[in-house]
Structure formats: C-alpha cells, structure tokens
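Next up: some structures, all given as structure tokens.
Shared between the two complexes below is chain A, which has chain B as its partner in the first and chain C in the second.
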Partner chain A sequence: MAICAFLVAGFAIAIMLILRGTENSLRLANDRLGADIIVVPVGTTTKVETALLMGNPTEVWMPESNLATIAAVPGVAAASPQLYLSTLNNAACCSVASMFLVAYDPTTDFTIEPWLNKTIGRGLKLGEVVGGTHVFVPEGEQNIKIYGYFVTLKANIEPTGTGLDQSMFLTLETARDIARLSTELAEKPLIIPEKSISAVLLRLEPGTDPMTVSAEIIRRVPGVTPITSPNMFQAYRQQMTGLLASILLVLGITLVLSGLLIALVFSMAANERRRELGVLRAMGATRNFVLRSLLLEASILALEGGLAGISFTILVFFLFRNLIMRSFGFPFLLPNPGLLLIEITVGLVLALACVTIAAMIPAYRISHMEPALAMRE
Partner chain B sequence: MKIIGVVLIVLALVAAIVPMFTDCQSQGKSIVLENGKTVAMKCHWSGRAELVVAVPLFVLGILFMVNSNLLVIRNLSILGIVLGIFIILIPTTLIGVCINAEMLCNSVMRPILILSGILVVVASSIGLWISFKTQAKPV
Partner chain C sequence: MIQLEKVSKTYWMSKENAIHAVLETSLNIKKGEFLIITGRSGSGKTTLLNLIAGLTRPSSGRVILDGQDLWSLTDQQQSRIRNRKIGFIFQFPSLLPSLTALENVVLPTIFNADHTKGTGTPRAEELMETVGLNDKLNAFPRQLSAGQQQRVVVARALLNHPELLLADEPTSDLDEQTETEIMDMFQQIHHASGITIVLVTHSTQLVRYGSRAIHMAGGVIETMVNN
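And then the complex of A and B:
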C-alpha cells in the first residue's frame, strides 16, 4: 500500500514539476527577452526559438536596412537589433565551447541595458560581457577567451531554466572588435556579414495590438517573420501539451491500477486479521470504530509512502535537472519554495485519497461482519 | 538486515563504477598543458576517491548480511552513515567535478553519486533505528 502511495504521489509531483517548471521557464525567458515582438528572417523561427530556449547556437541573417523600415511601422515604440553568434567548438582560442552569443545595440536596447544599470550601475564597456547564470570564468583564469579575445564577465543574469542561462550578451561594438581581431588571434575567424543583423526586438506603444503590427511588418518588409510575445516558443508549448496528454494518461492508468492493487492487498491484510477484529467487536467496539481504525491505518501508510515518493521525486528532479532539460529538449526551472509546498500538498492529498478510497470497500466489509462470523476459523 | 546489506552493496558498486564511465577522462576530455602533456580533470580524481569509500562500503554491506548482533549492527550503521556522507562530499566539496553544466560529470556523475550517498545514509539510518528498536523490545 505504501509503495502504491509512493508511486501515485511521486508521479503526481513529477507531472506538476514538469508542467510548472517548463511554464515558469518559458515565462522567465519571455520576460528576459523583454520584447513584445521579435522579428527574425523568414523560416528561422524554430532555429531562433531553439537557440534562445536550449542555448544551441544559431546564426541567422537579414539586411540591416530592415531595421529602419520595421521601426517606422505605426505602433512600434522602440526597435533594437541583435546579432546571434557562437563560439568555436574544440578550439584553444575559445575557453567556452559552442556558446550562444547575443550582441545587442546599447543605444537602442531596452532589455539588457536597463537591467545592467540597475545591477552594476552602468552599461557594458568594450570587452565586457554579461552571462547567463551558468556562464563563469574558467578556473585559474581572469577572463573568458572568445576567438582569442579576452572578455571580462561583469555580471550574471538570474536563472531562467532555458538556454539563456548558458548564453553570453555583449555589445555590437565588442562583437565587431572580436571579429576584427579574430583573423589574427583565432583558429577560425568570427565572421559577421556586412550590413546584416539577426533579429529586431520591438517594444510596442501601450494599447497597440501586436497582431496588427505584425501584419503591417509582413506587408512592408518581405522575408521576415514577426514572433509576438504570446506566440513565443509556441512549438515548445505544443510539445508540452502533447507530453502532458501522455503523462496524464500514464497517471490515470497508475491511479486505477494502484487503486485496484490497494483494494486487493488491503482486503487480504484485513482478512488475515478477521479474528482479531471480531474479538474487538465482541468486546464492544462499534462498526464505525473498527472502520475508522482500518482507514486510519491505510491513511498513515499512504502518508508515509506519499512523503517518501514526493521526497524521492523532488530529489531526483533537483539533482538531475540539467540532464532532464537536455534529454527531453525542453526548458525547466524548479519552482520557488512556496509553490513547491503547494505541489507537495496536492501530491499527498492525491495519494491519500487514492489509498483511502481503495481501502474503503474492504474496510467497510470487514468492519460490518458479524463478530461470531469473523471469529470463526 | 540482509536487505539493507544488499542495498549497501549495490550502492557501493554504483559509487565505484559510475564515475569510471561518466568522468571527463572516459569521454576523452582532459586538460592540455603548455608542454603538450595531458592531465586529468578533477572529476576523474573524484571518481578515484569514491573507490576509497566504495570498497569499505561494499565490505560493510557484506558484514550487514552476515551479522545479527545488535551492537555490531549499530556500529556498522554509524559507519555506513559516515561513508554515505563522504560519498556526497567528494564530488561536491572535497574535490568536486567540472563546473560546466553540460559536462557529463556535472549532469550525470555528480547527481548519481549524491543520490547514492543519500540512499546509503538512509539505509544505514534504518539499520540504526532497527537496532535500537529491536533492543527496546521486552525479553
């Protein structure tokens, strides 16, 4: 019975952790990006979303001239270009392999610069970078080497549970400086195509409909795809919906099977103690007293199994969160303690309900048996 | 006690064997020095240190299985708890593993060792509790 409760509670909390963790992660990533609309070259939506969510570097390009046209669309309050780059893999000139680099324009940026001003009191200078929460200076070194160029890590952004945690943010000036010097310093030069950008981040005026602005952008600027904030990471949300359906099915099957098993096991266990329960009834215990005792025993076992299941599941998710993220290909962030407590409570209640309901019928049958019958061999 | 003994033996094998296949050395990665020589990263040394803890834990598991004396079980349980704590400390505090979250040693080896250590502590604690509970029963 305790094992069934272990499984039910463990499954329930696993589902909640996955769903909440992914949703939380997507929301934080969205907030971190800070844009109402991101305009990317047509056909690159999935590549860009994967880069932002999973940190898999990508390089996409569109003409720089698109920026002015997009910024002139009615409803656009601010437009800021970004370049998407990456470090080299297995190269001595890069101390971090295959890292996603985002180069932004500090004069027009409205997401990173305000955060930097709040955090370090100023923007980034030439040669300085900001990293995701997992970006660090290699042990024994003072700076991070990118294409043979040493950059100073000034700050780390808060964890989002997405690929942004393994990404690096630098100014366009620093990116171009790295590209210029990489021809001499790096094993392979960093190439930034002339007059090209990867994406344009837009902030809209209050009250503006993003869909209207998107339609206008498509009309005025051929070869681009605007991604509105609510539709950001839509592919991943759909993937999660599909995963949710499968997980709920497995949970449903587990609940039904656990319930049947608990009823069977409890029936056998109570039957073994039939004579003792009969003696108890003969001594004056009421049917309700016997029923309550049996259900209390089942509940205690359910709580013990449930707590063990929940503890084990949370521990596994906490220890293996990076592996889970990489293996399943979706972002994940553990919930804050308050939310975790609510999820634990829900898991325990589910385990308790499952076991108690399953034990109800055999407990009722045994408690309502005539004492003389119960005590018979 | 036999069950606890088997659990400890299995966990000792996990602590000894898992690092052999999940440290950076097994993935062909190592630090290349200026003079061209290669040096293993600290995850490799953590794996080596785990052997030092896993072997006595393995023996402990066998002793758990063949002993029924409560005092002996109690002492073995205390030793088990200490060994479990060391299994956790080696890849986290005492030596550590690579900091990069994408490395196998960080995403697989370290969590498995921590989980194994916790389970060793739990199993040994159960053994300790049983030894006290059994003794408390009236003759």
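And then the complex of A and C:
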C-alpha cells in the first residue's frame, strides 16, 4: 500500500515538476530575451529556439542590410542585431567546448545592456563576456579561452533552466576581434560572414500589434521569419503538450492500477485481522470507530509512502536535472520553495485520496461485518 | 437480566442450503447466575452465546437485556452496552500482540465515550493483581503462557465492572491444572462480585462450577439442570 502511494505521489510530483519547471523555464527565457519579436532567417526558427532553449550551438545567417529595413517598419521602437556563434569541440584553443555564443551590438541592444548597467554599472569592454549561470572560468585559470583568445568573465546571469544558462554573451566588437585573431591563435578560425547577422531583436512601440508588424516585416524583407513573443518556443510548447498527454495517460493508468492493488492488498490485510477487529467490536468499538481506524491506518501508510515517493523524486530531479533535461530535450528549472511546497502538498493529497478511496470499500465491508462472523475462522 | 424469546439463527450457505445453528430457543438468565452451557461441537452453544452478547443478529425472535430489545438499538447503543455491561472471554487468543498485558487490559477504555482512561490504569493494575499477574504488567502476549494470557483476558473483561461475563470455551486450550485454576478464578469472581456469568464449554466436568447448566444439541436446549 505504501509502495502504491510512493508511486502515485512520485509520479504526481514528477509531472508537476516537469510541467511547472518547463513552463517557468520558458517564461524566464522569454523574459530574459526581452524582445517583442525576434526575426530570424526563414526555416531556422527551430534551430534558433533549440539553441536558446537547449544551448545547442547554431549558426544562421542573413544579410546585415535586413536590419535597416526591419528597423524602418512602422511600430518598431528598437532593433538590435545578434550573431549566433559557437566554440570549437575538442580543441585546445577553446577551454569551453561547443558553447553557444551570442554576440550583440551594445549601441542598439535593449536586452543585455540594461541588465549589465544594473549589475556591474557599465557595458562590456573589448575582451569581456557575460555567462549564463553555469558558465565559469576553468579551475586554475584567470580567463576563458575562445579560439585561443582570452576573455574575462565579468558576471553570470541568474538561472533560467534553459540553454541560456550554458551560453556566453559578448559584444560584436569582441566577436570580430576573436574572429580576426583566430586565424593565428586557433586550430580552426572563427568565421563570421561579411555583412551578415543571425537575428534581429525588436522592441515595439507601446500599443503596437506584433502580428501587424510581423506581417509587414514578411512583406518588406524576403527570407526572414518573425517570431512574436507569445509564439516563442511554440514548437517546444507543442512538444510539451504531447508529452503531457502521455504523462497524464501514465498517471491515469498508475492511479487506476494502484487503486485496484491497494483495494486488494487492503482487503487481504484487513481480512487477516478480521478476528482482531471482531474482538474490538465485542469490547465496545462501534462500526464507525473500526472504519475510522482502518482508514486512518491506510492514510498513515499513504502519507509515509507518499512522502518517501516525493522525497525520492525531488532528490532525483535535483541530482540529475541536467541529465533529465538533455534526455527529454526540454528546458527545466527547479521551482522556488513556496511553489515546491504547494506541489508536495498536491502530491500528498493525491496519494492520500487514491489510497483512502481504494481502502474505503474493504474497510466499510469489514467494519460492518457482524462481530461474531468477523471472529469466526 | 437476559431473556431470549424464541430465538433462531440460520446461516445460509446457498439459496437451498441452510444451517440452523439455534432453533426457536427461549431462555431466561437471572442476575447473579453462573450459567454453564454445554454441548458437542456444532450444537449451537457458541451461537447462543453470541446471540446473548448481541454479536450476531437473530434470524427470528428477540434478545432482551435489562428490558431492552438488543436489536432495536443503534450500533452505537449496542456498542455502549457491550463496553459497559458485558465482559468477553474468547476461546482463541484475543490479546493484541503489539500491546503489553497492562495496555491490553486498559484497551476497552478507549471505546468509552466518558474516557475512564485515567482511572483505567489503576483498575487494570488491581485486576492484574487479582488474576495473579502483577509481575507481568509490561510483558507482551508472546511472553506469556496460554494460561497467563487467558488470565489477562479475564482481567480485561472485568475492567469496566460489567454486569455480565460471557466466556466461550475459556479453558479449551489449557492443560488440566490450568483449567482448574481458571475455573476456580471464575468461581471466586462470581462469589466476590455477584456478577452474572455465562460460560460455554464442551466439558461436562465443568458443570459443577455453575449455579445452573444447560445442555444443547442440534440448536436446541436439550436439558437444564440446577445445581
């Protein structure tokens, strides 16, 4: 019975952790990007979203001239270009392997610069970078080496549970300096195509309809796809919906099977103690007393099993969150203590309800049996 | 004290197959009596005792305790009567294995709405002394012999100062010497408190302990003897 409660509560908390953790992560990533619209080369939406969410580096390009055209679209308050680059894998010239690099223009940027001004009081200088929460300087070194070029890690952004946590942000000037020197310093040079950018981040004027602006961008600039903020990571949300349906099905099956198993086990356990319960009735225990006692016992077992299941699941998520994130291919952020407490409560209530409902029929049957019949062999 | 009016108890094994455990039996048990019910296995003596105790509902007839039809009462009222007025001693080991001897004796107090728990422990200790087990208060049932366990059960049955003590073959699993000790104890309790005792046994040798004895066969009272 406790094992069933363990499974039910464990599954429930796992589902809540995944759903809330992913949703939280997507929301934070969206907030962190801070753009109303991101314009990317046509056909690269999934690549860019995967890079931002999972930190899988990508290189997508479109003409730099798109920037001016897009900035001129009515309703656009600010437009800032970004370059998406990556470090080399298994190369001595890079102390961080296959890391997603985001180069931005500090003169037009409205997403990273305001945060920098608030955090370190100024923008990034040449050779300086900002890292996601999991980016750090290798042990025993002062700087991070990218294409043989030493950059200084100035700050780390708060966790989002997405690929942004394993990404690095630098200015266009630094990126171009790295590219220039990489021909001599790196095993393989960093190539930034001439007059090319990867994406344009847009902030709209208040009250502007993003869909109207998107339509206008598509009309004016061929070969690009504008992704509006609410539709950001839509592919992941759809994937999550599919995953949710499967998980809910598994939870449903687990609940039904656990319920049946609990009813059977409880019925057998109560039957074994039939004589004992008959003696209690003979001594003056009412039917309700016996029913309450049996249900209380079931509830205690449910709480014990539920707590064990929840503790185990949370521990697994805490220890292996990166592995889970990589295996299932979705971003994930552990909830804050308040939210976690609510999720734990929901998991316990579900385990308690499942066990109590399943135990109700056998407990009622035994408690309403004639004492003489209960005491018979 | 107790009247059984044409009481019958039938167990239906299937639609056609019925066992008539007790058949239209009438019996009047007076206050302070020590009634011994004898009979062979399947004669209906245990069923009769269960009917007297209200542990099983009669198929027909009435069971009247102190002027009240037991089966006109609610479950709560019946349970209260069992708790306050009746003490039970069963044939099988009926102590809860996870409780000590003293805790087992105090157990009936938890079903008492007035919660005599505070006075329950001194009373339980006194009873344990009466049954000669004051040195076994903290022993668990598995640490006691069958005879000692049955003494604890007697102490438990007497906890709430019952008016009626019902014993179902209380000595069936005991050796001859222990049987005599237990039966002497019943007689002593009966003389000391004047409690009404109904004791079921298959042994006709124990008839001498009672003030009256009835013999059952085939679900009916065959003979009745006053000592």
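The working rule: the second predicted complex is superposed on the first by the 377 of 377 C-alpha atoms of A that agree within 3 Å, B and C clash if a C-alpha of one lies under 4 Å from a C-alpha of the other, contacts with A are read in each partner's own complex, and residues count from 1 in each chain.
One rule holds for everything that comes next: a contact is a pair of C-beta atoms (placed from the backbone, for glycine too) under 8 Å apart; a residue touches a chain by one contact, two chains touch by 3 or more.
This structure is a prediction, so every number in the text was calculated from the model and none was measured.
**Student:** Figure out whether A:H134 sits in contact with chain B (first) or chain C (second), or with both, or with neither.
**Tutor:** After superposition on chain A, A:H134 lies in contact with chain B alone.
**Student:** For A:E276, select first, second, both or neither according to whether it touches chain B, chain C, the two together, or no partner.
**Tutor:** The answer is second: A:E276 touches chain C but not chain B.
**Student:** Could you let me know whether more residues of chain A are touched by chain B or by chain C?
**Tutor:** When the residues of chain A touched by each partner are counted, C comes out ahead.
**Student:** Considering only touches as defined above, state whether A:Q166 meets chain B (first), chain C (second), both or neither.
**Tutor:** In the superposed model, A:Q166 contacts chain B only, not chain C.
**Student:** For A:F320, using the defined touch cut-off, is the partner it touches chain B, chain C, both, or neither? Pick first, second, both or neither.
**Tutor:** In the superposition, A:F320 contacts chain B only.
**Student:** Go through the superposed model and pick first if A:V256 touches only chain B, second if only chain C, both, or neither.
**Tutor:** The answer is neither, since A:V256 touches no partner chain.
**Student:** Spell out the part of chain A that touches chain B in their complex, as residue ranges.
**Tutor:** On the chain A side, the touching residues are 92, 96, 134, 136, 139, 165-166, 315-316, 319-320, 322-323, 326.
**Student:** Quick check on the complex: what are the chain B residues that touch chain A?
**Tutor:** Spelled out, the residues of chain B in touch with chain A are 32, 99-102, 106-108, 110-111, 114-115, 118.
**Student:** Name, in rising order, each residue of chain C that touches chain A in their complex.
**Tutor:** Contacts found on chain C: 47, 50, 53, 55-57, 75-76, 79-80, 82-84, 88, 90, 92, 94, 96, 107-108, 111-112, 156.
**Student:** State the interface residues of chain A toward chain C in the complex, per the touch definition above.
**Tutor:** Residues in contact with chain C: 275-276, 278-289, 370-373, 375.
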